[in-house]
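Have a look at these structures, which come just after this line.
In what follows, chain A forms one complex with chain B and a second complex with chain C.
Moving on, here comes the complex of A and B:
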């Protein structure tokens, strides 16, 4: 099997599991709607649309976190990860397959979240959508990596947000910049740079996370 | 063992001598700043401490790289100790930066100050390093996970710096420009001695902690043998 076929098989496995069990996606969708509702009451009536734009990014990051908490549950509980590590494929394929599956979940949830945001707060414009798409890549690349790291530790769910949030602060800066500031091109460029840099180091170092 | 002790003593003596020289230069030789007056002298502490913290993080990442690349058996502990020192100096950077911000701009914290914000991000990141390290059992996996995370740190530093720079206006004084340092003479000398003193201090602390940690693990091995 080629590398691409391995990755596709692994991503397909996760999407198939989700289609049958329907656990993560509904939870993420409900979470993002609840978060947006909470934000409505957290914002004073006189606050600007710009503040709400910032909160959209908070919602996206924390929704991704909800999905990432579940990302390696099956692998851990049923010992799948040992099988995957022993399988005759490149270990980075495990990361790439999982990251693609998480990206699928996150994109599906955003299909609900962005329209909901435009109804509740203010319409989303082109640069925001582009920034969300670029940010998703970085969030899923880094998030999947730290989710695998956290899954190897004793304090799994506890340590994941602590590992994840400092790493995605640049994504939030780039995303918010593209949504609220003029001249969104440089922020989008920055997000693309972040995606490329972190995707490469996650891809190159994932082997050390799952092997001893 | 005695040779190692001697080296440690030499480092400690060097750190002490340089620190004394730096303090003398800072308080008796360096001129008062025309704009900020006496309080500007905190610059000779704040900037060397910050640079030392960066140095520690880079040493930590370098050792982590050696662990992953060469399988160097001592590199994991060395990487951990370097990052530990880096976090201590990072906290000092936040504290001195905060004091300086209060004196110069009247606020304890300014988000528009890029370096302080960057150090806050790094502090959060490296604190999570300890959370991760202490929630994995001692062994090759812990060494691998810690090393990979430490390597992420040196990638995060420039990326975060770029991000914070993109996000903010420019209130923080820039002393090193592309045309070389913007100060000369006594000020430059005082700064260099302060920096050397901080680096020597960090190297000494690094060696002390490393010796302690190695003794600790050897003691544990002996206990396990006897048990």
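Moving on, here comes the complex of A and C:
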């Protein structure tokens, strides 16, 4: 119960900060709409829906990256991470609180992105929405972990995409598979497995990211 | 409370601290002095548990949640108000009767009227006062203070003097103004 309260306090803090600063969400929303617009004009009119579905996943992954770049900015610039690390709470709560906040931002942006995709390309079906929901969990779990790792690096702007993109290749494979293949259940199961495995790894090892 | 034997720290090939020995019993007051870059902050961060020595042995008999740490940075979220920042830390540090404790500290440090203002709008001196409130919030057993008088006006300096004089915690204090706390010190560490 205490752990859940810590996570809730940390996630609430991030949502409040975003509500006040309005830096991350507008940037993510603008990015995903811009990307889908560019894809709309870049993709030949004769292209199949399959190609367009692939581009949806490209847009989602890079939009998440935009949000993750800012995930630990305040903690890094103002040294707040020291105060959080010294608190007696389980340090994985810092990761989980942040991951939930990033998940909230990504889900909010997708509320705009999926209808925009439907307008530009084709309607989004149930398996695709389910795949996006499952992919979001994995993206936020892994992305938040990597963002915290990169935050302590001088070359953080380079480190984050270099670590994050290879790690989410399975998410893209599962997401595209669930969106375009006949048997989407197999791919949704794969995404759920990815989420579970990586969430456990990130949860268990986050302490080593924020301490020496 | 603190025992150090040959404690050192290096970043890559650069040694920022070498061969520190000290014994500080519970309730003691360690005054750390020295010029910029002499390793004071590094030592304080190691005592607080934020860094690990690369040489020697350092034992600190205080649990993680029982250390109050005042850094060069206030460790506060600028877009949150003073009350919101302290409330977050109060929750994470499991402060009993949190609201009362926060109210009492804000009153004591002269920030009560500005409690609902965002920290970004605070002057540097007000941020330092709030950082002191944050460090004291959970009534730490060990108080690690890195330049506690930075940016404070005369009234703020007197508040810190009073707080330190009435302390119950073990204190490690690095300052460029040792005269203010010299009379409280039970141990001294001077870096060259």
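Here are a few things to note about the model shown:
Everything that follows uses one rule, which is that the second predicted complex is superposed on the first by the 211 of 212 C-alpha atoms of A that agree within 3 Å, B and C clash if a C-alpha of one lies under 4 Å from a C-alpha of the other, contacts with A are read in each partner's own complex, and residues count from 1 in each chain.
In this text, contacts are C-beta pairs under 8 Å (C-beta built on N, C-alpha and C of every residue); 3 or more make two chains touch, one makes a residue touch a chain.
Note that the structure is predicted; figures quoted are calculated from it, not measured.
After superposition onto chain A, the modelled positions of chain B and chain C are compatible, with room for both.
When both complexes are overlaid on chain A, the residue A:201 reaches chain B alone and has no touch with chain C. In the superposed pair of complexes, A:13 makes contact with chain C only, with no contact to chain B. Of the two partners, chain B and chain C, it is B that touches more residues of chain A. When the two complexes are overlaid on their common chain A, residue A:119 makes contact with neither chain B nor chain C. Once the two complexes are overlaid on the shared chain, A:107 sits clear of chain B and of chain C alike. In the superposition on chain A, A:212 makes contact with both chain B and chain C. In the superposed model, A:21 lies in contact with chain C only, and not with chain B.
Within the superposed three-chain model, A:89 lies in touch with chain C and out of touch with chain B [touch as defined at top].
Angle at chain A between chain B and chain C, computed from CA centres in the superposed arrangement: 90 degrees, to the nearest 10. Once the two complexes are laid over each other on the shared chain, residue contacts for A:42 go to neither chain B nor chain C. Of the two partner chains placed by superposition, only chain B is touched by A:169; chain C is not. Between chain B and chain C the least C-alpha distance in the superposed model amounts to 5 Å. In the superposition on chain A, the residues of chain A contacted by chain B and by chain C overlap at 212.
On chain C, the positions that touch chain A within their shared complex are 48-52, 63-67, 69, 71-80, 84, 88-89, 91-94, 118, 134. Looking at the complex, you find that chain A touches chain B at residues 149-150, 152-155, 158-159, 162-163, 165-167, 169-170, 173-174, 176-177, 186-187, 190, 193-194, 197-198, 201, 205, 208-209, 211-212. Only residues 68, 121-122, 124-125, 127-128, 131-132, 135-137, 139-141, 144-145, 147-149, 151-152, 155-156, 159-160, 162-164, 166-167 of chain B touch chain A when the two sit together in their complex. Listed in rising order, the residues of chain A touching chain C in the complex are 2, 5-6, 9-10, 13, 16-17, 20-21, 74, 78-80, 82-89, 212.
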